[in-house]
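Listed after this line are the structures, all set down as structure tokens.
Presented sequentially are two complexes of subunit A, the first with subunit B as partner and the second with subunit C.
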Partner chain A sequence: MTFSGEFFAFMSLALVAVIGGVLLLNLTKVMHMIIALVFTFISIAGIYVLLSAEFVAVVQILIYAGAITILMLFAIMLTKHDDASEAQGTIWRKLLLLLGVIGFAFAVYIGIYNFNVEQLPSHLHENNVLQIGKALYTKHVIPFELTSVLLLVALVGAIILAKNDEKEAHKE
Partner chain B sequence: MIQDLLNSSPGWANFGIFFLLGTVLLLVVLGFVTYGILAERKVMGYMQLRHGPNQVGGKWGLLQTVADVLKLLLKEDVIPKMADRPLFILAPVIAFAPAFMVLATIPFTDKFQFADIGVGLLYYIAVSGITTIGVVTGGWASNNKYALLGGMRAAAQMISYEIPLVRSVLGIILLTGSLNLNDIVHAQRHGWFILWQPIAFIVFFIASIAELNRTPFDLPEAESEIVAGYHVEYSGFRWAFFMLAEYVYLFAMAALITTLFLGGWMSPLAALNFIPGAVWFALKFSVVIFVYIWIRVALPRMRADHLMEFGWKVLLPVALANIFLTALIKSIFHIF
Partner chain C sequence: MSTIPASAFLSLALILFCIGLYGALTKRNTVIVLISIELMLNAVNINLVTFSKYGIKPSITGQIFALFAITVAAAEAAVGLAILIALYRNRRTINIDEMDSMKN
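Moving on to the complex of A and B:
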């Protein structure tokens, strides 16, 4: 194993991502959880940059760290923003969980350690915006269009739900 | 120069050089913020028929902002007792760090740019969105209803105006065929995009004022309604960080407008090519900053519901129409 700059970058990003995930589970206040989640999202974007998938990285920040987080913040502010979760479960349950986690980690470790990834020469890192665009509009054009229809249906559905609320409020 | 550095093999020397360059840029930006604030106060003063700062540092008040910053640094650092302490401390950092990060992709001249990445424009827009989280966090952590209201307003405003901002730029991306800011500057050889894309420019300019939280759209910190909005509980250098983020974004946004619509470092006429690119960039940049200050003095603040209606019902359809028009023109006339 060589200690290159890439290794350090990956290690620190992965560490931040994992710590963010653990904090998300362990913190008790909802707001703190969201900030931890933001750190995870951003360090995952950093890992995409290391893989020279810059478009995916930027979209990850734009959609996840930007839009989705703000959406969750709004949802929390409009409901119970001071809520805090409490620890639950007995000692036995925790022990069993720990065993399960260790077993899973061991299985994954064995599965990955000797997994032989074939290194294929690829041009995916060059002009990847252009390549994604071409693939989306030629090979995957039908799923792409279907996705847009799905989003439209969701949008119309949301508007209809909101309209109904208003009418009922008027009746009352 | 930077290109060679970016392509050279990584090492400590390389790291040192980039660190040094980053520090120099930070100092340049801080210098801009210092004199940008002074310029704003002076221009506002003259437009309102008064003098503005003229006591500290000679007739032009050249040391006024320096004195103000010193005062801020010496102020007592107050954290309210009922505030959420860790988030209260973290919020100004989250708000400021992206403001400086976005400067990395902006091509100041043909040779001076920190990162020539393929998705430069998208990077700017994505990273600048993170600041909103810092603002909302600060508003929530203060445990103050005005701060919370300001934070929510900031989030709502920035999300709604980011959409027309991105949509208006799509016209330029269609004409250029690239998200790289260098390619966009080079595509303006035959005419600035302010001439090719006037509708996009107007939409972008209005949306950018809203993104910068400046006066017709400064609802997140509307003094007369919610005291000071999200930073009402902040004082001293933490407050200075929020203000710094705001002015660094002013710098970044003016630089982005120069790059996207005013031809970046390129001279408007071939006969004037002997003047270096940095001078052209600085000139165009200063004009954009002046217009921002001008608008701030000239217009009153909008009402919250008008602001949202204007964003969704006017700017967004106009930006969409502009994309449609651009695509039509591009495919019919085969320009670019």
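Moving on to the complex of A and C:
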């Protein structure tokens, strides 16, 4: 492994991503946790650029760092958030969970640490958006159209669930 | 040609997945649990995009799959938060340990 600029970029992006995740676990205020996670999302977009997926990187910034973060912030503002997130569970439960997660990570790491397929030259970085558009509208056109139905159902469902029911309010 | 081995990207995705898993299992606030699940889905997307470049036969399909996964994750977050708001209106809590009315 040579010490190239690409390697340096990968290491710094990965470091920011992992630090954001660890801060999510360790900070006490809910608002700070979400702000920490924005750094993780943006550096994951950088990782996508390294993997020659520019369009996915832009979508990542738009949807995760933009929409989903704002949605979560609104959910926190609308609910009670002043009690931080107090740790009232037993220490044993957390310790057992930590051991389980580390065991899982170790088991998967054994499988992937020397994964190395012979790298073939790819053309993903040339006209990335054009390639994605062509593939979406030819090979994957049926899932693409079904996605619109899914989004419509999610929109209607979210509005109906979150809507304040007038009749119920009158009964109380 | 890239100088970074594929296992580096896979390891990063594994670390992020484990952070999300631990957060989803230990945190009390339901919003944080939901956002930990989003982190896990992000780790899966990194794997998909990695294999679209480093796989046995590189192709654009991995990136398309990642885009679909992002769409479904956004829909899931919206519906999950709507359920959370409805629950908060009725029960006045977002503590995940108190949401046990289906238990008894």
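One rule holds in what follows: the second predicted complex is superposed on the first by the 140 of 172 C-alpha atoms of A that agree within 3 Å, B and C clash if a C-alpha of one lies under 4 Å from a C-alpha of the other, contacts with A are read in each partner's own complex, and residues count from 1 in each chain.
Assume a residue touches a chain if its C-beta (ideal position, glycine included) is under 8 Å from a C-beta of that chain, and two chains touch if they have at least 3 such contacts.
Computed from a prediction, not measured in an experiment: that's the story for all the values here.
**Q** Once the shared chain is lined up, is A:96 touching subunit B (first), subunit C (second), both, or neither of them?
**A** neither
**Q** Between subunit B (first) and subunit C (second), which, if any, makes contact with A:22: first, second, both or neither?
**A** Only subunit C is touched by A:22; subunit B is not.
**Q** Touching A:127, do we find subunit B (first), subunit C (second), both, or neither?
**A** The answer is first: A:127 touches subunit B but not subunit C.
**Q** Scan A:67 for contacts with subunit B and subunit C and give back first, second, both or neither.
**A** In the superposition, A:67 touches subunit B and subunit C alike.
**Q** Look at A:55 in the shared chain and tell me whether it touches subunit B only, subunit C only, both, or neither; answer first, second, both or neither.
**A** So A:55 meets both subunit B and subunit C here.
**Q** Tell me the contact category for A:107 with respect to subunit B and subunit C: first, second, both or neither.
**A** neither
**Q** Taking the superposition on A as described, I'd like to know which of subunit B and subunit C A:42 touches: first, second, both or neither.
**A** Only subunit B is touched by A:42; subunit C is not.
**Q** A:141 in the overlay: touching subunit B, subunit C, both, or neither? Say first, second, both or neither.
**A** neither
**Q** Of the two partners subunit B and subunit C, indicate the one touching more residues belonging to subunit A.
**A** Here the partner covering more residues of subunit A is C.
**Q** Where does A:75 make contact in the superposed view: on subunit B (first), on subunit C (second), on both, or on neither?
**A** So A:75 only meets subunit C here.
**Q** On subunit A, which stretch or stretches are contacted by subunit B in one complex as well as by subunit C in the other?
**A** 4, 55, 59, 67, 74, 81, 128
**Q** Given the complex with subunit C, which residues does subunit A contribute to the contact?
**A** Touch residues, subunit A against subunit C: 1-2, 4, 6-7, 10, 14, 17-18, 21-22, 24-25, 30, 33-34, 37, 40-41, 44, 47-48, 50-53, 55-56, 59-60, 63-64, 67-68, 71-72, 74-76, 78-81, 85-89, 93-94, 97-98, 101-102, 104-105, 108-109, 112-117, 119-122, 124, 128, 131-132, 135-136, 139-140, 143, 147, 150-151, 153-155, 157-159, 161-162, 164.
**Q** Taking the touch rule as given, give the residues of subunit B at its contact with subunit A in the complex, in rising order.
**A** 10, 84, 86-87, 90, 94, 117-119, 122-123, 125-127, 129-130, 132-133, 136-137, 140-141, 148, 152, 155-156, 159, 162, 179
**Q** Going by the contact rule set out above, which residues of subunit A touch subunit B in the complex?
**A** 4-5, 29, 31-32, 35, 38, 42, 54-55, 58-59, 61-62, 65-67, 69-70, 73-74, 77, 81, 127-129
**Q** Flag every residue of subunit C that touches subunit A in the complex, lowest number first.
**A** My answer: residues 1-12, 14-16, 18-23, 25-29, 31-32, 34-36, 38-39, 42, 45-46, 49-50, 52-58, 60-61, 63-64, 66-68, 70-79, 81-86, 88-89, 92-94, 97.
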